[in-house]
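Which chain is which? They are A, B, C and D, in the order written, and residues in each are numbered from 1.
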Amino acid sequence: MAHELKMSIEELEAFIDSEFPQVHHGGRSFAVEAVRPMGATVRLFYHDRHLRPGGTVSGPAMMSIADYAMYIAILAQLGPVALAVTTNLSINFLRKPEQADLIADCSLLKLGKRLAVAEVSLRSDGCEDVVAHVVGTYSIPPR
Amino acid sequence: MAHELKMSIEELEAFIDSEFPQVHHGGRSFAVEAVRPMGATVRLFYHDRHLRPGGTVSGPAMMSIADYAMYIAILAQLGPVALAVTTNLSINFLRKPEQADLIADCSLLKLGKRLAVAEVSLRSDGCEDVVAHVVGTYSIPPR
Amino acid sequence: MAHELKMSIEELEAFIDSEFPQVHHGGRSFAVEAVRPMGATVRLFYHDRHLRPGGTVSGPAMMSIADYAMYIAILAQLGPVALAVTTNLSINFLRKPEQADLIADCSLLKLGKRLAVAEVSLRSDGCEDVVAHVVGTYSIPPR
Amino acid sequence: MAHELKMSIEELEAFIDSEFPQVHHGGRSFAVEAVRPMGATVRLFYHDRHLRPGGTVSGPAMMSIADYAMYIAILAQLGPVALAVTTNLSINFLRKPEQADLIADCSLLKLGKRLAVAEVSLRSDGCEDVVAHVVGTYSIPPR
């Protein structure tokens, strides 16, 4: 199979801005860093104050960035599929993140007709240790 | 075993306000509705705008309220244990929530010396259907 | 909605015997105890030696009985759907089981057109404590 | 940190044979293929009839081999810790396995004083596709 991507970083960000402006509610928090066959890398800006009450990136913010990375990886592979929805997300919190941007690396483990399964590793920018690990499932609408 | 609770609703809310004011960052979002042996019920206010970008309660907000319900149930049982931390959280999204408060019912499945495991059912206020179901694990610090 | 069940205990067991005789490989291990709207109760016989190496019911045997309970609950609700398959299963091991039969109580949290999500509590026969807790997802084939 | 392993393949297999002979109940099913810093590779023999009722490797057998791979990776790192126990295991079934041995590659994501978290990818021998993906948690006894 030729793993040609259906959307570029620019197209992905334009699609999100147009279809899901609420992602950027309260300030632009996420940026797509890279897309590749069956994967994507996304950045969560540390400067976004409402994602780090208490000084460190919050659990729900980690879940958000992981979910976003999965959605971007699916979109890049399938093209605009606005109705794909998360059905399950399981997160293990491994270490306290640094006071830095968070980088989410997503790999699609399966991209079937009805379900996509992905794993995401979250790291503080510049660090090797995995801060949190996520596995999630998306339901893909019939096309 | 006598399941006497170590903290009342008022004591729980005072403890959170003092130790974790960041929970209420951006507006008071959560209220403890009830505590009982090995369980708690918590409410997420729908009026809190930053928890519902797009008009519906967001996935991360559901995760937050579930995590909060687990923490409250553990505190009520053990007394103030500020250092208990979530190690795993797995959420299944089942239905789109209503435009209403979200009610989180938590039951502790196990409260061991080192680990607590809990399940949480989320429902829109006034509805019977479970909107999301969460299972989570807390690590309990040595005492 | 009238929650009329599509299959009785006898029909469920006959269907399994005919379509999935491998379930009983090595001796009849499981029995359907009860079916009800959106739920089922299943028993794993302790006498089945190959499910309890080391004297206690093994983790994989707990997973098997939980998976079986979910499948029975789905079948009772939908009628014979041989092709429903487990896509995710998450198990928390809470306590060491007794040297006794294991009882699995399953509740369907959602039974959609494409996905079913269920939770299962496992208890040693005659005990109240939950030994293991399972949440699983089945993919339902198009009908 | 120098990631020196505490046990060789031979020592690991001798430890399992002596402490957990029940792993090999019904025939020797598993072999340790490799150990490395924070990881291990384990093989499940397809010829083991009782792991593949119905002709394909069963879900519980996949869970067993994944759990075994995690335990081996922990032992190699910590030395003999007979009392480490699985507290959570979450498995996503992605593809039907081939009629072949199953290879389980485990990476430890965290090895703390009290908890280890690992992920495991299962592949049919000779194939690249991941058949099932597992994330699990072990509780490590105080030392």
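Keep this in mind: a residue touches a chain if its C-beta (ideal position, glycine included) is under 8 Å from a C-beta of that chain, and two chains touch if they have at least 3 such contacts.
Every value quoted in this text rests on a predicted model; they were computed, and no experiment measured them.
S.K.: Return the chain pair with more inter-chain C-beta contacts, choosing between A-D and A-C.
M.R.: Between A-C and A-D, contacts are more numerous in A-D.
S.K.: Where centres are the averaged C-alpha coordinates, which chain has the largest centre distance to chain A?
M.R.: That would be chain C.
S.K.: What whole-number Å value describes the gap between the mean CA coordinates of chain A and chain B?
M.R.: About 25 Å separates the centre of chain A from that of chain B.
S.K.: Centroid of chain A to centroid of chain D, CA atoms only: how many Å?
M.R.: For chain A versus chain D, the centre distance works out to 29 Å.
S.K.: For chain A versus chain C, what separation do you get between their C-alpha means, in angstrom?
M.R.: About 34 Å separates the centre of chain A from that of chain C.
S.K.: Touching at least two other chains at once: which residues of chain B meet that condition?
M.R.: Residues 87-88, 90, 92, 117, 137 of chain B touch two or more partner chains.
S.K.: How about chain A: which of its residues touch chain B in the complex?
M.R.: Answer in residue numbers: 20, 22-23, 25-26, 50, 53-54, 58-61, 63-64, 67, 85-93.
S.K.: What residues on chain D touch chain A, complex-wise?
M.R.: Answer in residue numbers: 90, 92, 94-95, 109-110, 117, 119, 130, 133, 135, 137.
S.K.: Can you list the residues on chain C that touch chain A in the complex?
M.R.: 87-88, 90, 114-115, 117, 137, 139
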